[in-house]
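Accompanying notes for the structure given below.
Order as written gives the chain letters A, B, C and D; numbering starts at 1 within each chain.
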Amino acid sequence: MSNETHTPSSDFAKEIASIPGGEVINKCIQCGICTASCVVAYVDDQYRPRRLIQKILIGKRDEVLNSDQPWLCMTCRMCEERCQEGVSPAEIFHAVRVLAAKEGHIPKVFQNTIEKVLCDGWMLADAYTDFNEDEREDLGLNPALAWNDTFTKKVKKKYLAGEESA
Amino acid sequence: MTTKTAAKIGNTKSWEPRVVAFCCNWCSYAGADLAGTSRIQYPPNARILRVNCTGRISPEFILAALEMGADGVLVSGCHPGDCHYTSGNLKLRARWTVMKKAIEQAGVDPRRVRLQWASASEAQIFADGVRTLIKQVKELGPIMEEWK
Amino acid sequence: MKEIMLYRGCTIPVRLPAYEAATIAVLGKLGVKVVEMDDANCCGAQYVESVSRMAFAAMSGRILALAEKESKDILALCGACSGSLKINKHFLDTDEKARKEVNELLSEEGLKYTGKTRVRHLLQVLNEDIGFEAIEKAIKKSYKGLKLAAHYGCHVTRPYEIVQVDDPENPTIIDRLIEIAGAEAVDYLGKTRCCGGPLLAMDESLATHIGQDKIRNAIAAGAQGMVTACVFCDIQLTQVQFGEDTDSSKMIPVIPIVQFLGPALGIKEDVLGIELNKTNPDIILSALQGAK
Amino acid sequence: MTEAETPRIGVFICHCGHNIAGVVDVVAVAKMAESLPHVVFSTDDMFMCADAGQQLIRDKVEEHGLNRVVVASCSPRMHEPTFRGVVEEAGLNRYLFEQTNLREHVSWCHMREPEAATEKAIDLVQMSVARAAKLESLPVKSVKVTPRTLVVGGGITGLRAALDIANRGFDVVLVDKEPKLGGHVAKWTHMFTGDRSGSEVVGPLIKEAKAHSRIEILTNSSVVEFDGYIGNFEATIENRKDKSRSKFDIGTVIVAIGFDAFKPYGYYGYGESPDVVTLAELQEMPPRDRLLKPSDGKPAGKIAFIGCVGSREPGKKGHEHCSRHCCPAVAKAASDLKDRLDEVLILYKSIRTYGRGHEELHRLARSKHVIYSRFPVDEDPVIEVVDGKIKMGWTDVYADEKLQFEPDILVLASAMVARSDIDETTKLFGLTRSRDGFFNPEHIKLAPLTTHTAGVMIAGSAQAPKNASESVVDGSGAAAKAVGIMAQGEVEIESTISRVISELCSSCHTCVTACPYGAIEMDESKDPPIAFVTEAKCHGCGTCAAACPSSAIIMLHSTDDQIMTMVQAYLCAPPDTIGST
């Protein structure tokens, strides 16, 4: 619990609901089946999907956007499968991530991976070595992977131009 | 009557107390029914007599039962305020204090009589009440010793 | 022979090429020819998805359009890829505005997304396109006295409304295949739980904890090995068994479903690349008996 | 003993399949009974209540000329009416039947002690046989029923009941203390789950009742005297303004006096600011486009609700219960207001949207971004009124955050409690109340609308917190009960009543004060005056018989002799009948 006293507001929830995927937050009744189903919550007693959603519902915008917690969701969607109200916490947290990223709050590891993917066209260009090529040849597979990076650069320019400096 | 009372005493192998239980039809008799339905097990020493209301029970009944050799007497009725006949149980309660005095004066330990409230749903309370009285009476021993 | 276009994704070529080779060999044996997709790009996975819905849709949309150009369905071996492609297909099929926007980008290289292409995860091809009956007929040798646990992969089976592979709470395809090949499928605590893989980037120790828990539960249920259907899961469940605080005597082999089926179908081990596996597969291979 | 012939008792021990026979040695019990005084036949049988068992009783009555029947089986609360019917068919008076309970009171509660259980069964059968020998025939009486119902309370429940009864062709006297019909419902601007005002809901009922030729409506009136017995009551109704009184002959009564909306002084700043209101008070605010603050008439922008105010408080008398209507009502009000206000908050302990359409209201409120915030059960929100401003502070359980809020209006969803004047009504109609203060039904599950006073029904929120639709269901149900009695034309009444033996009465008046029903009066025409029992008013509790210092009152079917003979049979049985197992 933070020491500061917060004044609840529905503005943040409305903002999340306006992002595609985030609108399911309107359906949450805080039953807690998400937390009960969550394997991350099972191993990490700080991570509680219901609590994170309630923080959104009461308008703790800064805390939520600056937090690592929305990025801990593995999107395994077990909670979504079990939710009786049709809420997808994974989608809600995606909406939070989109908003956080826009405002520059994005974990370095995500930032770097996205950079890589969009520049190289795929994720593991740096890791692909001669050794891998030989291995593929031995298995009778084509060593030339022929990834396309023109399109991903185009995507980056169109959708994620502002992200670079973040 | 007193002369006949000794009848059972010598006959029993080890002494087991004999208890007369007056229960009102609407709450405690039904509570005892529920104890059975719920298979709540309690000591088999009490014999339940059904009266419409605990208000029906006059002190003479209790005194006479003790005189006839009952080792204990239980009166069980509706909770105050819940009486089927609105207030019969309150009338009994009013008589109870006076009656206990009378028992004491007759040289009988007043712990041999017990008044309890048990509703139709309070099977456990009923059974526990029976158990409590029997335990108390066992500690006191046969009433015939006191009448001597 | 039915043809299907393999989208190999980023991870397989680098980390588990044998999974790709085994898939081509096994599907070929079962009558499905795998052709590889060239000039592809990353599907976007959870990384791009997390920062831009449209960028994510465009990247997967292009892959779908590439297959559509060849009039082929897409085969995905990775849960993340199949999940991304299916979610974006669903998005583009239901959101006309998004579809239009993506097609504008694609038109610059003569591609178009109309939604004709289906996305098939490996388990769907085995279960629906080939079928258990045909696989059973093709089995040449059977495993005997072997107990295996199935791990399905979250993105393979969820969300069901979109991916439509198997029952998300009680999946059975891998278990059925284990049994068809003669081994015994064991149920275990947390069978449908995640392997922890997606958490590796954010918190490696938590991710490892989740994966180790899974392996522990499988062993507790008597499993002698773990059969997978996703490259990410396979790698994660393998690597959590190495490291400082692990007990190498309690290690069990982790094996993709196709590497498990291959030997039973009479495919040579070197074609399947089994010797490249990091966990020792001997306990599985030694259970293979002669002709069934 | 008025019974001319010597008792000829038949004893029937029931196995109840394995239920009794599995523990009690029923054969031994039946054999023992053969040797008891006046017993001419004794047997055991698989199921006494089954057709074959019933036939056995009838056959043996005929064969052996039995004039008393003892059945030792299950609880008489279950099958006494059945067996009374059987002996009547066999030509015996129903009061010559006696039942003892070997199942609930013996085999089921002493399952691991078969010997002791059998001993207990033997004692109980001995006791019953002793009592049976002393039983007497009593006349079976019935009385005519006046085809008119008194409905007390003209709210939505009473209106529904009155109309149902009138539409079935019976007369109704509908009494309400207030000048207008419609009760609480008429005052409310919004009703869940629909979207209509209370007056729109109840209005048609009022109109119909007023126009009905069989319904006599007395507003501004209350019942001041009530007397009589089922089918034959007399009610005196007083006009509260001009104090004029009128008497009515009544056959049945429906008490539908409703509830009080709890005024939560001492809770959350209630009474400290006009802007802290109850849900009922919010509902009673005149409908306007803008919600105005009661304090200064300025438009409100932010509003907060607190749930369970005065409800669900364990150990606080009259406030232990859930008030049932508030969760959906708050959700509905919050949803409506959210369209016109900036922020709407609901602070709650838990949410109980149990009924049809209720959860939909909860979802509607959520979808409109009404903020729900759960506070800990052991840490109520703190409300201060400072310079006319409402300052709220509390902990949100699920977010684990300290929150504060300054609403323009604070609405307390306060409890439904028993009416402050419920005591008068309780006494007037001889009813009882449960610990939460509301009326007790005859049986919580099996007879929720009838009471222990035959002919008097309860309905609606007088019985427990209920919403309007549930209350209306009650109204119709109670009406069906009333009509059921009146349609018969006459009802049987119990003959187990008290009787005064005039010669023994010492005019002490003890019985007059002991009787809970005012059934005993002094006959002043005698000198000295002698107590007499109005039979139709007597309920048969026997309190008078126990109280009478002169033993001048006999409680029929429960006489001192009939009771004490059982005690004696238990404690003083001759040695040869003991321990025959």
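Some notes on this structure:
Going forward, a contact is a pair of C-beta atoms (placed from the backbone, for glycine too) under 8 Å apart; a residue touches a chain by one contact, two chains touch by 3 or more.
Keep in mind that what you see is a predicted model, and the values were worked out from it rather than measured.
Under the contact definition, chain A and chain C share no contacting chain. Set against one another, A-D and B-D show the most C-beta pairs in contact at B-D.
One finds 76 Å separating the Cα centroids of chain B and chain C. Distance between chain centres (mean CA atoms), chain A to chain D: 59 Å.
Distance between chain centres (mean CA atoms), chain A to chain B: 72 Å. Chain centres here are Cα averages; for chain B and chain D they lie 28 Å apart.
Taken as a contact graph, the chains are arranged in an open line, each linked only to its neighbours along the path.
Chain pairs recorded as touching, per the definition above, are A-C, A-D, B-D. Taken in their complex, chain D has these residues touching chain B: 75-78, 101, 103-113, 116-117, 119-120, 123-124, 127, 430-435, 440, 452, 496, 514, 516-517, 539-543, 545-547, 555, 558, 560, 563-564, 566-568, 570-575, 578-579. Of all the residues in chain D, the ones that touch chain A in their complex are 343, 345, 351, 362-363, 366-367, 369-374, 393, 395-396, 398-406. Chain A meets chain D in the complex at residues 1-10, 13-14, 17, 26-30, 32, 50-51, 54-55, 57-60, 85. Interface of chain B with chain D (complex): residues 1, 4-5, 7-8, 11, 16, 18, 20, 25-26, 29-30, 32-37, 39-42, 44, 47-53, 55-58, 60-61, 64-65, 68-70, 81-88, 91-92, 95, 127. Interface of chain A with chain C (complex): residues 19-21, 39-40, 42-44, 68, 71-72, 74-78, 80-81, 88, 94, 97-98, 101-102, 106-107, 109-110, 113-114, 117-118, 121-124, 127-128, 132, 135-136, 139-142, 145-152, 154-156, 158-160, 163.
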